[in-house]
């Protein structure tokens, strides 16, 4: 019995990471941490892409990773800018305090 | 066997990192957890012969993105313990329930043999092509994917323009606020 | 050696014009510091050029179909597609953006030096959604989606005076990113399930083979649908919309909502129709379920709103449901979806333009009470809003009716009669929403008496939106014919 | 002549139309004369067109006016046969006299010409009723006379009583009409037409006896409404609030006899039913006695006559119910003469007494108003059934018919006889109280004889009341011969044959009449305190009679009040809270649900996230469960 | 020509729109004048129309959008003709009756004219989609007419009116779509054309569902018990012109639709639904009348009387006999005329006294004799006095319904009595006696304008009452055609005297 690490293992790991990231968004109220969770999710996506590409014998998976990465980077820039702007006004990064609009 | 061991280690590291991200009370620790995950994933990339991707992962993510994160954490000074006790009623319970249902769904699928990560049959010839060297990736990058590559230019423009627009402290010309009404840092 | 890529300029002409145009706006601002109103004009000119570019694509396409010119409609290795679907989407998005500039003219003017960034973001967002609508490649879609969305996150937080604007931005951003991550994870799973990122290849594959264990593919598809459903504010992924549309600067909300909706639906319909129509039996009911939820939730919740922008946002949720009713019809519903989107998007811009005029362009919040007696204070605005709301309600003789009728008919034909019945009930509930606003404007006494100014750009926007509502309501046939042929490749 | 028959109806109608628009302009007496002339014209036309029938060689004719409602077989057609000739002549003849009288009576009323508009309209409607060639048109006339009655009863609408009385008359009539309407439905369902010929000629083939009974009884309901029979007579006494000529014309001579006419007209149907006829007769006899007892105790001069009318109509019902149609119609005619006379006489008295109607405050008027007194006396004798005046002959024929039928009808005969006694009593009482004894009126009243225009009709009617009976005596049955063609194929009942029987029966009824008259004369022809004591001797019975057995109160408590309560409950306890409540409740439900649903939108990103995640999982679950 | 009938009022509205706002005194006169044009055309239509023909006449048909099967398809038959003319007649009248409106008069005139265009369109449209467009489009002007110029609770009433009727039509729209889809499946080309849909074959449950959807829409419009509560509110709050048009024409959409679409398109289902529809109709007749008795407000009273009267129409329609159907159609017109007149009259007194409460009046006959006379005349027309129009319809309905629905017809006949009670009692309270309230003592009688407005209606009440042939010659063949179709497509057979040919027309003169 030999355990071969199939792409499925990677993808399962990725799924777990994705789930952790998603859970983080639901339970953390610090915008920065939530943001990190999104990065975590995007990384899980990337891992899936690479593993699937490898399993399928396609380089497209790895190509996709670059673009997800760029998007992640752009998001970070904008997201952090928003957080900074909010912090300037409120001295807090907690999203729970942002519920002026509801209903 | 080596792959198995490395995978096991890195999987453990990445999951630990992930859990740290969502468990740590101090955002700095969260960032560190994320960093660990990123590195572990980079190793997993290498394990799957995605060398260039691994390199980019380390450079862009660990290098640039995480730095930015830490910079902002320091800038706005949230590098301290925070209260992670839940304040929204039922939030955790609901989140847990959703997670359990999702997990149950996945387990049910797998248990009934209705699940395969890669349902299509892979030709052995194709498998060899996935050695993600710089050269192997360069060709699609500049032929088929060239438009996507160019499109990232738009994205980065947005990032730049957006960051400036959001974070700049320039004042509007036609302020609707009467003089003296606004007490910002500039006055 | 890597062969130099073949560049098909025509296929990316609109994107190019918009991208370069955005850069141009920024550079002109840095260099000459013109008045913001001039920048508005410049943006409109750029959008006009982009429209011309899209028109050129259409001209090329028609010649190609006539056999006069050769050339692939799928240049850049299939990364973009030049088809009627994309061209219609492009024209519609450009029109929405142009009207958006008009509706937001006062807002951009009030921004001063930041106007350039705002306008650039508007142009870039437009280009992103055009890209989203004119590609069959899912990573490109992701890019388009992000280009479009990230600009909107920024625009949502553009107002300096309003704390709500920032709240809107962070809500939009966090949930939007969450949705994007879900979307792209879906793309990855679809890739895992099919070995391809291209919808056309998916179609060929699924036509050819039966996938024995399609769970991963279906999960991927589901995640993609969820990601796009978020953009089009379909319930239960709508929650952000009321908050964002209430908090974002009034001048931006119209095109913000309309662009995302048009782009999102263009992509959603393309994914489901082009790529996975053979699974329609599987996703049909799911989409129908989302439609029901959206229609009911949207119209019910709109009933109890006291802020016009929230009200419009919830009604937008309901409208997303109505359009989804057309989506379940598969490829036969595409024409109706386009008609609906075209009409609704422009009505939406028009309606928010009125909100901007009444509540102030940079404001966050527009309580219904401030619309009391609007007919007295500014009859033009009241009349315009009334017509637009009636159009949204789908009263006959407005284009909204034709739109609704079209999607309902398609859904019925596809065997979703029950969905149509639910939709009709929901649309009656939604009548109440619009009536409330009309009651306030016409049948109540105004609070203040100060007259409201209607600027020239606003007037243009309103006239255009009214024309779309009434002229197309009376003579819908040309647009019906056009949308009926605006099919994806 | 028959081609001009439509003019019979058209003349009064045209006059009414003309007076409606120009009556005020042409002024007081002229409007009245025009109206009278129009009715007289109709009379002349009727006489002319009816001539062939008098000589016995007339042919029943149907004259079509125009198409009306072909889908239900209803046209506007005139039936011209002896029955309609008779009715036309009574209506226009008596009508013309009453018109003439009204010129004097209504003198000085500010709506003088309007009165004649209504009066003319009434004559036209009544003629429509009796000339109709089918039930639909008959019903039209039937309802239109009801309308005119309403208009004329509440002519003095500023008096709330008058207005209420008019409304009551119309509504009670409508209740009867409901029965009639249902009868028409049954007829249409059975015969596929409403036309008389189509019905009566085939009645024997088409109708089962059960059906005939049903139709007959429903017609009876209608007739009871119009002809003020039990239980629907309550409107007629109140209708006395109208001007007296109205009471004379509508509530004595013509309209109220419509029920009799309809039953006579429908004789072929009644004949097929073993039950309907006797029921009609019983209702008639009961009404006759019932109303007569009430009439005994009335103080109001017109109310006496009103109850008397009801009672006399009861006689007619008794007759037509017993299949003595000709006897019934004969009494209809004579009654038209003497009751019109009595009403007009009463009107003359009221006129003279400055609108005083209470007989307590009359007395001794004989000297002041000799013409009125004389004619009234003739009327009283006629109605009391004293030979040889008209009432005797017709009443006697009815009683004879009842007697001849035997069986249950014998009981009715006895009732009729008792009623005859009571009739003589109350009429004599009235005459004595009004015209004899000492004056009991106030000093400021100066009674005087009425003008010529009023007394002339009195005289004419008095003459008719005297001689009218000779048209159909056991010795000379002219009317019977005349009418018989209208009852072709109908088994008519006749009084017993032979001199002896006639003598015995006549003797009995004359004895009853004389006894009643004598009793009343002796009871009342003495000072007021004495006859008051006489009345008091009857104790509560008298007050019961005076109050008409309190039927109005009973109806009020059992029908009107519960009806109103039902309406109020329906409107305010059911319609508003329940039905409309459900509608508004649906709206509220939407709001409530929506308000609850708002909890989903607490404005917190993370709550939205949970919703988002839950939605995603749901979508995935659904997809996977369906597709994999 | 039919197109012109629809377009003309719209153009008229446009003409009014072009009058400058400061010339407020011109709005009404010009509005009335331009609204005469459709009336003239409608009169011409009446002449052009060939009496005795059952089918659609003056048909205009242009395919607008073939993929949907949507066409501009107009035609008129004996069922729609009287309603078109009624509409064209009542609009000028109700406009001319609106002198009390001073506020935003221009819009008022425009909305009324647009309403007219929609109403005429509804009656002429033979394409179901087109029909629906008009059916729904008229809600808007009516909504504004109630909501802007109405009484105190106008907003509540307007919204209720709009939502209630929109709810009904929503399901009808689903049914219309279903019909088109079904024809598309059957013939390959979808079509909304009435005449095409007649040939559609449906299974039982489909046709029942579709019938129910149409019936619900029309039952709300009629309104039939228990869907009637919007009507009293709408009437009470609406301005005079609104009430007049609402009662006289808008409600007829429901009964018209029942005949045209329910009976026409779903013959079998119509036969199946007779028990329900007839029962509701009869309940409506009695219930509406009973509730009307105690209404304190004149308009509310008339509104409930409408519920009662329209029950007769529905009863006649679902009696499925010639007399009942024709009677129903005739009653459509009659109710329009009489109730229109009643609302005009109530409006006139409201203009003078600013109240509609019966208790506030009393003795009006004395101070306003002409007004009282016309009122009474109209009341009697409404009660169904023979010789006036109301009788023709009611009597034909009752007699015509009896062969097929004897029990219903008998119960319904009681409505005739109740009508007399509630109307005459109201008249008694408001008009008779002595005017005691000082504000009632100085009221002015009808002026010339008001008399002119009422004259045509009064005249029509008489003409139709005495010579209904003008109507029946046109209505009867079309009604019989509807019945023919039901008999041809189902195994329903009209009961013995249920058809004109079976009725014995004895009584020809010699």
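Here the chain labels run A, B, C, D and E in written order, and each chain numbers its own residues starting at 1.
As a convention for this text, a residue touches a chain if its C-beta (ideal position, glycine included) is under 8 Å from a C-beta of that chain, and two chains touch if they have at least 3 such contacts.
This one's a predicted model, so the numbers in the text were calculated from it and none came from an experiment.
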Third chains touching both chain D and chain B
A, C
Hey, what chains does chain C share as contacts with chain E?
D
Would you mind checking which chain's mean C-alpha position lies nearest the centre of all protein C-alpha atoms?
E
Name the chain whose C-alpha centroid is most distant from the C-alpha centroid of chain D.
B
Looking only at C-beta pairs in contact, point me to the busier pair out of D-E and C-D.
D-E
Using the average of all C-alpha atoms in each chain as its centre, how far is it in Å between chain A and chain C?
26
With centres defined as the mean C-alpha position, give me the chain A-chain E separation in Å.
65
Report the inter-chain centroid distance for chain B and chain C in whole angstrom, where each centroid is the mean of the CA atoms.
28
Inter-chain centre distance, chain A versus chain B - centres from mean C-alpha coordinates, in Å:
4
For chain D, write out the residues touching at least two other chains, lowest number first.
587, 598, 601-607, 609-610, 613-614, 620, 624, 628
For chain B, residues contacting two or more additional chains:
88, 91, 95, 98, 102, 109, 114-118, 120, 145, 148, 152, 155, 158-159, 162, 166
Counting only residues that touch at least 2 other chains, which ones in chain E make the list?
163
Pairwise, which chains touch?
A-B, A-C, A-D, B-C, B-D, C-D, C-E, D-E
Residue ranges of chain A touching chain C (in the complex, touch as defined):
11, 18, 21-22, 25, 31, 34-35, 38, 41-42, 44-45, 48-49, 51-53, 55-56, 58, 60-61, 63-64, 67-68, 71, 74-75, 78-79, 81-83, 85-86, 89-90, 95, 98-103
For the complex, give me every residue of chain C touching chain B.
2-5, 12, 15, 19, 22-23, 26, 36, 76-80, 109-114, 117-118, 120-121, 124-125, 127-128, 131, 137, 139-140, 143-144, 146-147, 150-151, 153-154, 157-158, 160-161, 169, 192-195, 211-217, 360, 362
Can you list the chain D residues touching chain A in their complex?
598, 601-606, 609-610, 613
Touching residues on chain C, where the partner in the complex is chain E
390, 395-397, 401, 405, 408-409, 412-413, 417, 420-421, 424-425, 427-428, 431-432, 435, 438-439, 442-443, 476-477, 480-481, 484
Chain B residues touching chain C - in the complex, by the definition given at the top:
109, 114-120, 138-139, 142-148, 151-155, 157-159, 161-162, 164-166, 168, 170-177, 182
